[in-house]
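Order of writing sets the labels: A, B, C, D and E. Residues in every chain begin at 1.
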């Protein structure tokens, strides 16, 4: 009962916010709907018994990525989205127009359909365990897996993040010339 | 392992037989319903208590500041001005709700919700006693850190949506300050997770004891430092002085909630005051022995739970007092100092503590300083 | 009743929306939002399979690393967008055609 | 020997660590960290030597090391679907490791002299270390996926090394050209890996061999052709790109824009060797797919065509570059005609003498500060040591008896002759063999021409001659040349001077090379019942070492019909004598032409003026690729751009679906044509037209348009698959 | 589905629901009780010390904020990965694998330290040095 309610709520939140994200005309609102979607997905993780992943999702996305996105939106002109092309042609609003949406919708639909056809058989081939698994916290298992089977990935991810940090810091660093100009 | 308040109640034979009798009487198993009711009641009670505490926070703040400044403080409404809080509440509710005309209304209305949501969701894991914890998640501390980062989004949106320059500056500062100080706080918490061997509050509090020498605060030199890192970080995360730059009233009017009025402002303020209490509670649970009272058997009984909750509240309130004390003692930082303190002092120190705790754990096999000195 | 298929359906829907977002929007940040959705759809699939079809929880680890990579991707991607904006004063995707010739 | 991860991994890790150290701290180290790189590759060499000694003393074709772990396993039910990562060393791998580490070590050593004082001295060594470690990783890999990863690492390194002097515009273009051209092959390679993964469920080499032995490839088809053929073709395309085979040979001559030591590394030990090594590794697949005539043809054309271009080059390094392409053609020809062993042997011998040649050329260029041969001449008086070393290598590459080139190249030619004449294959192999023999005539000629023009005769440009520094013996300059030129002697590879037991090197075995490297096709049976045991790193599934047994003489060839040993031996004798005569004629001819000057080269130029013009333009390949395909397409595309930018949305709006599906259709159409009819496409109107339409649609520079095209490609792919 | 076993998450959900209800309830109460006056121009004007607001506030931003967010997210993710490892550290230490885990843990942290050292050295952690408003947007 509880799981079902949680699932339904989370699924509704996820899909609803995703759709809202799609149709929102304001990029700031899109970001906030992304937040809702991500929290919904965290809820879905909970219904799958993945407590650690759920909380990680919340921590990284809510605390990190969404805030970063909001900052980035502010830095790139915020809501007032200026585009030279827009002025030129006057028919391509930044958030897409009905044609771009139409094309995108059809393309994605075809793609998803083809993927559906492709994986349909694989899904059938997967043996689904029917019996209910008792909920056991995954923290310890994840910790041990990270230290044994996936230790390389664990270590490498730190290197990846270091690379991302350095790379992004170099790219985003305020320009020296700009300082001089001001 | 995962114990909830419902499991605590169901561990009493009396209660279990009571439930089974009702089940027999109704002809169906009512345990899930009872569990739900316990959760609901517990949640309501805790919300009520903490909201009141948060309300009293404003009162305490004014009273203590008055004390420090040798004034009297609120003294008109009720005895010693105790009902000031109710008066404030009524004032909040009955004020007109104004939104700036250029504001982004959707986000303007959403922002206080995110703040409230982020703070209130953390109540679910705060350990008031070994039984009086709504739920003792295995990812407890982690969950608390994660969900409270919503407040940062709320603050940012509050600043953004108002479309006022003061708000914008405050929101920016608030968001970047909150996320920055999350790092040393998380790393300090990580050190305690390391020492206790689990992320659940039950585990962390359970591996401490009632007496100060069993607390993680005095477990080793690193954890001693880690407490101060955490406490400083917590002050900044809750925008308390001397880190109250986002709402620095002398420079930014009122920061991110400049444009908020009435109940919306009230909710922001409530979230803020309650959050201070929550982080004090977390600091108490992580470092100051939490709800621990002497005696194993005693702790499980109902009276023991009362004692535990009392101990917890006392410690937390003491810490709350320190927070207010600090506010009225230290001057506010500049924004560059704020960043320097976070990234150049607190974070390296926190990493150092983490490494120190890990090495200590391996070298001394998890024994605390006192065990090493006196256990022979 | 909740089954594997319900999760897959949600995941497919998220993927669909993410893809549409990626193609339809002209704002680079919005495209990055779409990518986040797609990554999340994939991560959700990992966990769902791990719960319903696998005996281990490797799927959780995978989705953990998906989140890690998403964070790195967002950080670098947004940095590039910001830098691009500083150079060109626009983040309209159709104007980002410097590599064309 | 009991191998653990610690006794194998340093071969890759030592250069890689050197790369990491140099990349981060190179500038702070003394001498900008060059010694770190040299030390790293030296350590790798020691470990490789240890492994080689072990394999050599075991002396068995059955002996191999295979250690792996499962990276991830997505198998469901009966269907294998997983990826293992690991190390696979057999005799071939061991010899290859020794060669790569050894040659790379000497090249590194030489670079410390050659590059000293360069602006980006430290960066050069950083990249060289990464380059070498990429190659070593590729040799060590037991599966195609990690091979591909290292393959791409090498691609990146060659890009940055060729464009090392990026101040020069030409160098920048050359690096982009190299990168983009090899990328064409890489895409096919990846496609081949996917095809194999799809069929076998794993990309590990033993598993692929087992799958071929068990006939798992049979019955599968992709777009109408057999899967083995498809996969083999795709993987061979990787070789074509990386080893600069026809028709993707255009990048290698330009690759000389990089510093000379890096050219030496690219031409000898790493980049181009990787391509041939890959096709040797996947040899059973090529055989199973029936691709050998095709491969032989490509090899023959390359060997011949490049040799002809080399005839008229005046740039010292260009001659060497074309000779490399030509020699690589021989190796591929060897693969095609089933001379597996000989092809590999040629890879090794070529690596040694080509490294030496390039280093010598570097020595010359460093001394005279020019690369143009007409400005040189008479340098033997000043660069005595280099002169001797270079002559050794020239004789080796020419195929003069007792030098290594003779041992290997003539075995390839002998096999080619055999399959062409005696193996009952009809005319299939005739043309490649004939081309190979003509190439064998041309090789000594252009090499001797190069030598004569550079070192002999009178100085043609007195200014250059006077400014040439006389050679002083230096350890880091001359020792590499000395040692590498010693190893151009055939005796090291055949075990004895003649193969019959005369003048043996101490401790060597007769024809050890021929014995040790057995074609995997032969031993496919050993993989037929091969079942994987799940073993971790700590365990080992080496084969038991067999008793030290005398080797029974048996042919090491498979693929094309090789049953008639007698005929094979006969063909070899014929081939050997034939090629000795050819070489002698050729050298004599060059002697007459460039020393005695009794024949005027100009006469030949006049006689074949049309052809020479084609040669000067490198057979118009650059013209075809750049002027026709890219320029013409892009030019018209640019004109259309203004209209198109305005119109794209209208287009989508009005006939959106039609346009989009036309992109998919036309692109695949274009794809087929460009691959199949590439030779035929010489700027005809039809081809450019199709190209224009496609380009106009997909080259809009708008990411989202690309995205839509990509998705429809994928959808088409799925539609084809299901 | 295992319904009983997920009960530990129920209070979390309930708490969240209460937060929602509280928010909605408080606002509804305010809506009922508060006076609603006429929205004059002065009243709904963003506060700018009583002056007419100049331009919009949505263009005031410093790249520094983004760099801070960037450093934060990287550290955040790293600490997330460290959490499960830290949680099993004690257990594995008792099992005798402490040194192995310590080495892995320390190498992970050392990379983290490298990142902070880099940013420190490059001045990304300083605020004042480039406290410059991005003027592009104001144009």
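Just a few scattered comments:
Convention: a contact is a pair of C-beta atoms (placed from the backbone, for glycine too) under 8 Å apart; a residue touches a chain by one contact, two chains touch by 3 or more.
If you're wondering where the values come from, they're calculated on a predicted model, not measured in any experiment.
Counting hops only between chains that touch, chain B reaches chain D in a minimum of 2.
Shared contact partners of chain C and chain D are A. Traced through touching neighbours, the fewest hops from chain A to chain C number 1.
Comparing chain pairs B-E and A-B by the number of C-beta pairs in contact, the larger count belongs to B-E. Greatest centre-to-centre distance from chain B is found for D, with centres as Cα means. Put simply, the chain farthest from chain A by mean CA position is D.
One simple way to say how far apart two chains are is to compare their mean CA positions; for chain C and chain E this gives 20 Å. Centre-to-centre spacing of chain B and chain C amounts to 33 Å, using the average Cα coordinate of each chain. A separation of 43 Å divides the Cα centre of chain A from that of chain D. Mean C-alpha position of chain D lies 53 Å from that of chain E. Multi-chain contact residues of chain A, defined as those touching 2 or more other chains: 1-4, 47, 49, 51-52, 56, 59-60, 63-65, 67-68, 71-72, 74-75, 77, 79, 92, 100, 103, 107-108, 111, 115, 126-127, 133, 139, 142, 146, 157, 161, 164-165, 168-169, 172, 178. Residue positions of chain D with contacts to 2 or more other chains are 704, 708, 711. The set of chain E residues touching two or more other chains comprises 1, 3, 7-10, 56, 58, 61, 63, 65-66, 69-74, 76-77, 80-81, 83, 86-89, 91, 112, 119, 134. Of all possible chain pairs, the ones that touch are A-B, A-C, A-D, A-E, B-E, C-D, C-E. Contacts from chain E toward chain A in the complex involve residues 1-3, 5-10, 13, 56, 58-59, 61, 63-67, 69-74, 76-78, 80-81, 83-89, 91-92, 100-101, 104, 107-108, 111-112, 114-115, 118-119, 122, 124, 130, 132, 134-135, 137. Against chain A, the residues of chain B that register as touching in their complex are 1-2, 32, 36, 104, 106-107, 110, 137-139, 142-143, 145-147, 149-150, 152-153, 156-157, 160, 172, 175, 179, 182, 198-199. Note for the complex: chain E touches chain C at residues 1, 63, 66, 70, 73-74, 76-77, 80-81, 134, 136, 139.
Listing the residues of chain B that touch chain E in their complex gives 2, 4-6, 32, 35-36, 39-40, 42-44, 47, 51, 92-103, 112-113, 116-117, 119-121, 123-125, 134-138, 142-143, 160, 162-169, 172, 175-176, 179-180, 182-183, 186-187, 190-191, 193-199, 253, 258-259, 262-264, 266-267, 335-336, 338-340, 343-344, 347-348, 351, 354-355, 358-359, 361-362, 365-366. Listing the residues of chain C that touch chain A in their complex gives 1-8, 10, 12-30, 32-33, 36-37, 40, 43-44, 47-53, 55, 57-58, 60-61, 63-65, 67-76, 78-83, 85-86, 89-92, 94-95.
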